[in-house]
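Both complexes shown next keep chain A, but they swap its partner, so chain B is in the first and chain C is in the second.
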Partner chain A sequence: MENLIAYAPLLWKGTQVTIALALVGLALATLLGALGAAGKIGGGPIARGVVFLYTTIVRGIPDLVLILLIYFGGQRIVNAIAGALDIGYVDVSKFWSGALAIGFIYGAYLTETFRGAYMTIPRGQIEAARALGLKRSAILWKVTLPQLVRFAISGYANVWQVLIKSTAVVSVISLQDLLGLANDAGKSVREPFTFFAAVFVIYLLFTFISQNIFNWAERRFTIKGRNDAA
Partner chain B sequence: MMQLDKIVNNLDLFLGGAWMTVQLTAIALFIGFCIALPCGLARARRVPIISPLINAYVYAFRGTPLLVQLYLVYYGLAQFDIVKDSFAWPVLREAYWCALITFSLNSGAYATEIIRGAVATTPDGEIEAATALGLSRWQVDFLVLIPSALRRALPQYGNEVVFMLHGSVVASVITLQDILGVGRTLNARFYMAYEGILTAAVFYMVLTFALVMLFRWLENKYLKHLALAH
Partner chain C sequence: MKRTLGAVVLAATFTTGAMAESLNICVEGAYPPFSYTEASGEIAGFDVDITNALCAEMGNECTVLKTEWDGMIPALLEGKCDAIIASMSITPDRMEVIDFTIKYYNTPAAFIGAEGMTMEAMEAGVVGVQRGTIHQDFMEGEFPGVELRLYGSQDEAYLDLVAGRVDAIIADSVAMDDAFLQTDAGNGYAFFGETYSIPEYHGEGAGIGIRKGEEELRDAFSAAILAIRESGVYAEINARYFDFDVYGG
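This part shows the complex of A and B:
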């Protein structure tokens, strides 16, 4: 226990890396999910085909496999380019490899979430908006998006809960995140259980806190008595 | 540039890895299911004392990363002399058994929640009809409630099966030669950047699609009566 207290600042540093990784990953995933959903809903046959391939392939591959592929494969590709340009050896960032992989994976899940939420919006509303002469952009901002947020929020919360747990496997490419640092510290003081138990509790706190935030958000965004469409 | 011959010549290693992955996943799912059936029923019925305990188990395992759980069991338990001196040590020092125990407990927690949900949403009429026919409490449970709940749990359980398959990749982190383990070993042996992992990704994708097809077939078989009702 004294060891755990002595290492608390280090674990706090790791916690910050993990939180940053999760948030950057979520931002990337949201962007890709929005693009994917837009492509699936309004795109032509080529866009739809690309999105279909993206979501199908990504959802068939485990997170760790994709992280290793992006990190080691990325290292090779970047250095092949660097070699051709005579720049010298380039070190690919572990953090960004992890964030990219997480964003890429959960973007595929969010594509389905956003598309599903869009499908829940009654067609009549969009037809009515068009009949009133609203421009495409006005329909998007005033009719579609506000409701999309409402319908997508519970699915979005689910994806986030899975995503945050995925950050742990990025420690496998020896990123100095919460689990990575705890692993090193626990081994050096020969108290692995104590340190992994601390990581366990911190992750439990992550999920607990985010669940409460999303519960609040869901209450905030749903209209009372109008939940039938969700 | 791609070293395909190294992959083709070692395809038997990958097949062995696939067997390891399938075996770990299948046994963990089976044990998990055996844990989940009584736990899910107890949770749905809010059995006093037992139900909050099960709730704590489910919450802890669903709220933390599988890799952290695996580290706690595999590296963590060795911290305690009581464990090292106990009869269970020959089992607990083996990576294989640690992975199997962790995966089973993890899958048990997710499946408990799925079964709880399915049991809780059983239409009252089904139970009332069975009672009215003079079935005993046990008969209602085993002939009506459980079969009906398991059928309706099928789509979600299918997700859990894929989730467990993908989760099992962390076994490679504790030196087990599953699909990813073989990919990483070959990468290290032949100084390849991505070929081994890419091959592993293809194996996982094929397994995932096989499972998705299997569950689609099962749903068609066992949920037909529900599809007609809509």
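This part shows the complex of A and C:
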């Protein structure tokens, strides 16, 4: 226990890395998910094909494999390019490799979440908006998006809960996240279980707090008496 | 921490060629007492001290990079570091992928017994050893006349030593020091006799991992290991962590 207190500042640093990684990963995933959903819904055959390939491949491989591929494989590609241009060694960042991998993976899941939410919006509303003479951008901002957010929230919250826990796998590329540092500290003072128990509690805290935030958001965006059962 | 990382990245970006002045060394930080992470986040331990001593001997600037054990060899191969100094045992499997210097230590096998125990008394008594280990092979090969008592786990052997059912135990010196002699149960017990590291039984020991094809760097490290053995720097570092010579025979 004294050890845990002594190492608390280090664990706090790791916690910050984990939070930063999860948030950057989520931002990237949201962007990719929005692009993917737009491609699947409104894109031509080529865009639809690209998105189909993306979601099929990414949802089919373990995140650990993708992280190792981006970090070490990416380094190999950078080394080859740097070698050809004769500019010496350029380091591929651990943080961005991890964030990119997480964003890339969960973007595929969010593509489906967003597409599903869009499909839930009754077609009639969009036809009605067109009949009123609203522009495409106005339909998007005034009609589609507000409802899409409402329908997507629970799926989005679900993806976030999984995403934040999957940040733990980045410790394999030596990124000093919560789990990586706790593992090193626990082994260094020969109390691995104390430190893993601390990690357990911190992750539980993360998911508990974010669940509350999403519950609040769900209430905030739901119209009373309408689709609040869903 | 961030700042030093940044400096490392910069340093790495501006160095070119395999035999640069500045070297990045992969260390682990989760294998005490060889390398461990301090509360400040710094890495310390035998491996780190040896790294600094070797770099001083070779006249290179070295930066230690904390690297996860599973990603250690890939990090070396992709050029994230130039050498691995992480208590990595020299094995034929690893030799297929990377090169090793000569060993920089080989935790020897040793005997422990009640304080005052001698080799003569051991040879006339009963020795506890874990079943199916290299230590059993060693005892049967080198001390064929000694009566052995075999145990499923090392902890049972300690219990029987304290209970007086065996006169001595042979096993890895660092493991026994750590798990028994340094604990309360180990009061009144100590190493006795010689330490043994015979490659036939005990393997090659831990070496420094280097990318294949960089013989110059490998030989420079090997020469530096011998030089710090010679100069007494090694013995000084050794004394900080162990009360026996971890280099092995």
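Methods note: the second predicted complex is superposed on the first by the 227 of 230 C-alpha atoms of A that agree within 3 Å, B and C clash if a C-alpha of one lies under 4 Å from a C-alpha of the other, contacts with A are read in each partner's own complex, and residues count from 1 in each chain.
Please note the rule applied: a contact is a pair of C-beta atoms (placed from the backbone, for glycine too) under 8 Å apart; a residue touches a chain by one contact, two chains touch by 3 or more.
Quick caveat: nothing in here was measured; it's all calculated off a predicted structure.
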Contacts of A:I61 with chain B and chain C, given as first, second, both or neither: first
First (chain B), second (chain C), both or neither touched by A:V172: both
Contact breadth on chain A, by residue count: chain C or chain B: B
Touched partner set for A:K13, first chain B, second chain C, both or neither: second
Touching partner for A:F200 - first (chain B), second (chain C), both, neither: first
Which superposed partner A:G103 touches (first chain B, second chain C, both, neither): neither
Contacts of A:N183 with chain B and chain C, given as first, second, both or neither: both
Which superposed partner A:L69 touches (first chain B, second chain C, both, neither): first
Chain B versus chain C as contact partner of A:G25, first or second or both or neither: neither
Intersection of chain A interface sets (partners chain B, chain C): 68, 72, 75-76, 171-172, 183, 187, 190
Chain A residues touching chain C - in the complex, by the definition given at the top: 6-7, 9-10, 13, 68, 72, 75-76, 79, 88-91, 93, 171-174, 176, 180-181, 183-185, 187-190
Complex contact set, residues of chain C against chain A: 1, 9, 12-16, 29-32, 36-41, 65-68, 70-71, 74-75, 78-80
Chain A-facing residues of chain B, complex: 59-60, 62-69, 71-72, 75-80, 165-170, 172-173, 180, 183-184, 187, 193-194, 197-198, 200-201, 204-205, 208-209
Chain B-facing residues of chain A, complex: 57, 59-66, 68-69, 72-73, 75-76, 165-169, 171-172, 179, 183, 186-187, 190-194, 196-197, 199-200, 203-204, 207-208
